[in-house]
Amino acid sequence: MAPIALPHTRPPHDLLIEPIVHRALEEDLGRAGDVTSELTIPPEQFASAQIVARQAGTSAGLVAASCAFRLINPSIQFHVENPDGSQVEAGTTIAAVEGNARSLLTAERVALNFLGHLSGVATATRALVDAVRGTNARIVCTRKTTPGLRTLEKYAVRCGGGINHRFGLDDAVLIKDNHVAAAGGIKAAIERVRAGIGHMVKIELEVDTLVQLEEALALEVDTILLDNMKPDTLRQAVVLAKGRAVLEASGGVTVATVQAIAETGVDYISSGAITHSAPNLDVALDF
Amino acid sequence: MAPIALPHTRPPHDLLIEPIVHRALEEDLGRAGDVTSELTIPPEQFASAQIVARQAGTSAGLVAASCAFRLINPSIQFHVENPDGSQVEAGTTIAAVEGNARSLLTAERVALNFLGHLSGVATATRALVDAVRGTNARIVCTRKTTPGLRTLEKYAVRCGGGINHRFGLDDAVLIKDNHVAAAGGIKAAIERVRAGIGHMVKIELEVDTLVQLEEALALEVDTILLDNMKPDTLRQAVVLAKGRAVLEASGGVTVATVQAIAETGVDYISSGAITHSAPNLDVALDF
Amino acid sequence: MAPIALPHTRPPHDLLIEPIVHRALEEDLGRAGDVTSELTIPPEQFASAQIVARQAGTSAGLVAASCAFRLINPSIQFHVENPDGSQVEAGTTIAAVEGNARSLLTAERVALNFLGHLSGVATATRALVDAVRGTNARIVCTRKTTPGLRTLEKYAVRCGGGINHRFGLDDAVLIKDNHVAAAGGIKAAIERVRAGIGHMVKIELEVDTLVQLEEALALEVDTILLDNMKPDTLRQAVVLAKGRAVLEASGGVTVATVQAIAETGVDYISSGAITHSAPNLDVALDF
Amino acid sequence: MAPIALPHTRPPHDLLIEPIVHRALEEDLGRAGDVTSELTIPPEQFASAQIVARQAGTSAGLVAASCAFRLINPSIQFHVENPDGSQVEAGTTIAAVEGNARSLLTAERVALNFLGHLSGVATATRALVDAVRGTNARIVCTRKTTPGLRTLEKYAVRCGGGINHRFGLDDAVLIKDNHVAAAGGIKAAIERVRAGIGHMVKIELEVDTLVQLEEALALEVDTILLDNMKPDTLRQAVVLAKGRAVLEASGGVTVATVQAIAETGVDYISSGAITHSAPNLDVALDF
Amino acid sequence: MAPIALPHTRPPHDLLIEPIVHRALEEDLGRAGDVTSELTIPPEQFASAQIVARQAGTSAGLVAASCAFRLINPSIQFHVENPDGSQVEAGTTIAAVEGNARSLLTAERVALNFLGHLSGVATATRALVDAVRGTNARIVCTRKTTPGLRTLEKYAVRCGGGINHRFGLDDAVLIKDNHVAAAGGIKAAIERVRAGIGHMVKIELEVDTLVQLEEALALEVDTILLDNMKPDTLRQAVVLAKGRAVLEASGGVTVATVQAIAETGVDYISSGAITHSAPNLDVALDF
Amino acid sequence: MAPIALPHTRPPHDLLIEPIVHRALEEDLGRAGDVTSELTIPPEQFASAQIVARQAGTSAGLVAASCAFRLINPSIQFHVENPDGSQVEAGTTIAAVEGNARSLLTAERVALNFLGHLSGVATATRALVDAVRGTNARIVCTRKTTPGLRTLEKYAVRCGGGINHRFGLDDAVLIKDNHVAAAGGIKAAIERVRAGIGHMVKIELEVDTLVQLEEALALEVDTILLDNMKPDTLRQAVVLAKGRAVLEASGGVTVATVQAIAETGVDYISSGAITHSAPNLDVALDF
């Protein structure tokens, strides 16, 4: 049996996933549970089924789907055929399940909701990653994630070949225009941050113009976010930076535009859409 | 000041929303909180800002967005300009906030994540609702929702003019092919359900063919789900049913196809895509 | 070994029961745990015991009792002799347990508290069910349940042969006098509800008089609650309704009165007392 | 306005009550909330109502009922007329509420479920307390409480004039027959307990015979539980003890038997029925 | 294999420990988990390691440390060499672990944080216990514990040979100066307590002078707390009491002073420092 | 009134503190609450008191202490005299409280437990910070924190003038000897990390020898941890590094040794003792 995820995707520890899946199951079971299955299916009936992709894409979410089946019935067998991070075609079997028939039906929808959503995120990420192949740019996500699912969506981004930006407000500094204005300028903002932040926290500064970029470069921040710049301006920014800071481009990133952005020589390209607007990948449970 | 939502949208009680928003804030604050704002913005600085739509659509989610600001700082003023369920254009101000500058920035992303996602659901719903205008068909949602957000997404569907299908496995019976097979036929399945279910629970049966439909009609279930039937077949189903059951069509429902489906005379058309694949509505906080 | 419950009783999924039993155990263990057993009983001592009924009745609650033993010590063996929903006599063994002696004593009280209470509910339900035998009326419960135990008490009602009314405020509509008054009349109330509620939610209307009943029948609601009517009036109501709506009688329902109510021809008779005033069934753990 | 409870009843701190009431409200609101009230009652409608006893008894539970209204809507005014621990007659107004009409109806059932149940416990307690008036015996409760409600039921016992026995397995030692058997005799059991227990924990020993009683008295435990002894034997036990230990009688305690037990001279009489088998006190919300 | 704790230490039930260890692991894993181990260690690599004391002391906390390893990976083998409550030297192996290498490293810090802290408490307790050896005095703890860890720290006190004072505000009465002042004197305070408290709750009174002690003795409280008295005064108190109450001394208790206090003849000596100021015992995980 | 904390200390958001304080209060109140105060103090009695330092040190924890009073009774007034991060002497008033007397006594111990513990951490940190004054070295904390209190202890470190190292396993990479061994060498370990980690995460490598240091410098990691090196070796390390990496020294750090370590020229000195072995600062509530 294949492991549940490809090694480079680094699935989150069960301890972080279980409470989320548990809440999703409670949300679906409500107070009375799966009344339809309980009333129509004999208690000891056994069944087996395949989780099958109905369209091509990158799969992600078996960590959560298998957890849903396990929480409903620990005796269900879950066989991974294509671990998280795999490219699948329409018709590809992702995993097989067997066990108590009622339990399989009770867990089905929650399991598929996780798998379809996270595979959608992985697929959208992969589309951008493929589009910049051949350049040095890497695709990164943002904090524009679905409430409650950040750890899982960040994981789905990794399954799609993307890189994770910070996980929250606290694990890296990102100084935006409002922070600069409140602090009284870029220099003041960075000095304040440096005076108080730990030595293991990276600092990123958002700039809108090349003038700001020059000021930022002089201040030696770790990363500079070039927000909403056209490819031409991005190219000038890369020249200007001469490798003195990591450069990240954001704004207007789509499958259609991302290659041109990547070819400017920026190091990272961030996209909110891969987490907040990725359509579900169609997956089904075939008995 | 406008109320937070249009009356027909029936916002969920705060008791149901607060735990979800609280978890989303914890997810974003992590262990160290909003270090950037704490280090750059004077503690007593005041600010005001507008939540503005960047594209046209149907807004939904102020109930959660306002909750995010309130949980971060109860003294923030939140002024609704266009309550949940409104049609907004690019540039329309949805709400205004004022209060402590740090607090506004700390709550911003979580508030917008809810608002963008739920407005996306409402907008996708509205697109289908508009497409069937002039027919008797109504658009309904499914259990294909984002894990953890069912109550809020069901609400966003209402904001978009849609109707809610059951909220979980327990508040209505939906007999699908696997249930029928396990029970030994449609008749046996329905008899088992009727013997055990409460008198305040509706029963729906999924059928794939007109032959099954006839059997179902004879058994007087409340609703019949016509799964993946072409418009021609749906039209025959409507004729066959003669109003003896509520008819719901599902499968292949898009903005392009929904009008033809509606014109067959079915009562309800269900769509999973409005909850699981709706792209975010672009909303921003302008200071 | 017998299954934990008779099939028609449909025990709630463990996922719904475990948090409730866990809290009950925490409530009893406090901060220092079972100090008496820890100080007097050798750590490796083994024991076996029977859960025995001390009076006749209908048993319910093994799902929770067994969960209490399992949460205290997963190695305890739990053997069901008379599954939930059985008729038991004084002296009947309901289940047998064996395992670590300390663990058995630590879990004993919580297990018996669930079993005694839920068997009490089942027994009170069964008394009404038996009293209406020979009529077409079925006994249903209400939302007058013990706070925190609704899912379990609704299950105990099923163990006693009763039918479940709605599980909460959200899974069915029940229009009472205050709703009618606020809406401006029965017709207005029902129209408002129909305009906003999903197609899978049943609607019940409470009426106090035959005049109201006629109005309700004309509006084709699913169920009509005949509140506090005498048998004579109920009989007239049944004649009036001619099967156009399901009829439910409530008010003044006791073992003494219920047969006369049932013989009026109503379909359902609801009782709050079976959940809120059922005395414990006396059960004990005999070593 | 009267305080929420009579001073001697010592209501539990809100911190202990709120989570219980919160869970009860979540249980009733489910996922979709109070759909009936939301659809029929105008959002701004105001109402006032009285909580009225429908039968005579001792009230208890306003601490929880008021909490239910407050959690649903903090702007609801709650006026106490007869605080917890009062004797009420049929028709007595216990409290008055006024505020948003929807909110009042949404909170009503949960508030009354607490009030009816806890008043039932207080009333049952009071019946025993009244029956032993004139003797020195006091009525105490047990750990035979409804799962999840121990703190509130212990409080209701105080409202009825009773005394609280230990709150759990951990705040006092109670050595029963199984403990004695496992330890190898009464003396061994008590020595083991004394060697390990803190100096602020009282020790009670259960005895079934006068022979055991003599052994227990010699060992100077704080309290001796005389289990299932007839009044004659109890009287001999009192003579034997000569005040050397507190004596508690248990078993077969009813309103009919309790006076005879009390007149034997025992100090405390414990009853499980006052918590596990007390019928609801009928209370209603009259608009 | 040795049991996890020496019998007299009475480890708390897992049900009480698991939620605390779970939260500690969540606190350390954050949202992204142990990124270093996931990126550098092959997923199937196996390892074994010893938990070793780096300094002499009394061990305590294997109950929590083993729980940390088990929650991270149930397949980890945990072998106890020196159970909680053992005297260990620098270099002594306390326990051995073997299993998945990533899992061992992920759980390591949380496991050691519990073990080092609780062993520190046990060691500080043992130092006082050893210092009073030969007298009748016993060392007791207080409510001055680290927030969230009371059950575990009280257990560590037992591992060090100490006795537990009350676990919270609710399981024993301790009347201090402010209570006496508010009640209007010692006598009034005790009378009020006796009128309302259960018969299984002990009463302790804090006194500062021998005059107060005499008043207290006359009132027959269970325990008298002699606060901040010099040894000479304590000796007079012991003479005065003539065994009529248990005497507990507090204030200024250190390893240097405790013997002199014990030799005055008091029964118990309480120390807050053993829980709130005990330095960690240095323990490490050696691979 | 002074703010609750000095600006540079950046107190954690209430959202992060409240659940911790809430649990601490539940732990102290148990099931029956503060029985002593309820029985002796009139319900409406008012009192005022000062939180006073009994010894010199650096205060920290008013954020939690004030939260304890507020959760017990929102009407308590809390006046800060010396905000978190202040140097206080024996006798200095840190804050004043006034309000309901019972409430003040109920919250007292939990409030002081937080304040005493966190002030102890701040004071221990400050001692190291003061000892390195005049050098460029800064004091940093570790993950050796008390389970459940990491956010608060990290804050107390800031109150003492220290710098925070990473908050958990996930917000920075720290490659230790076991990681290096498993990966097959320093170079392989770092390459694996770089291939998978986000661009906003810093990387630290632990080295034991100067040879390893040279290898690490060539690989351009952000920070190098010089573990357990003598000052002479540290000095050579500083020379060798020539500013190419941030250098952090750890091991054997005490008030006696830290100055010599700092004078070697390292950038950061980390100490586990400031969080895991700091004795409480003695604080009291004087009425």
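A, B, C, D, E and F label the chains in the order they appear, each numbered from 1.
As a working rule, a residue touches a chain if its C-beta (ideal position, glycine included) is under 8 Å from a C-beta of that chain, and two chains touch if they have at least 3 such contacts.
This structure is a prediction, so every number in the text was calculated from the model and none was measured.
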item	value
Partner chains that subunit C and subunit D have in common	A, B, E, F
Third chains touching both subunit F and subunit A	B, C, D, E
Shared interface numbering between subunit C and subunit A [over half = same, under half = different]	different
B-C or A-D, whichever has more C-beta pairs in contact	B-C
Selected from E-F, A-E or A-F, interface repeating C-D by over half of its contact pairs	E-F
Inter-chain centre distance, subunit A versus subunit B - centres from mean C-alpha coordinates, in Å	23
Between subunit D and subunit E, centroid-to-centroid distance (C-alpha), Å	32
Computed distance of Cα centres, subunit D from subunit B, in Å	44
Junction residues of subunit C, two or more chains touched	10, 27, 29-35, 38-39, 106, 150-151, 164, 167-168, 170-171, 195-196, 201
Arrangement of touching chains [line / ring / star / complete / other]	complete
Contacting residues of subunit A [partner subunit C, same complex]	22, 25-26, 29-35, 38-39, 43, 71-72, 106
Parts of subunit F lying in touch with subunit C, wherever the complex brings them together	27, 30-31
Subunit F to subunit E touching residues, read off their complex	20-21, 23-24, 27-42, 45, 47, 64, 101, 105-106, 109-110, 112-114, 116-117, 120, 143-151, 167-171, 173-176, 178-180, 182-183, 189, 192-193, 195-197, 201, 272-273, 276-277, 279-280, 287
Complex interface listing, subunit A residues touching subunit E	3, 7, 10, 12-13, 15-16, 150-151, 154, 164, 167-168, 171
Subunit F-touching residues of subunit A, taken from the complex the two chains share	8, 10, 138, 140, 158, 163-167, 170-172, 195-196, 198-202, 204, 222-223, 246, 248, 267-268
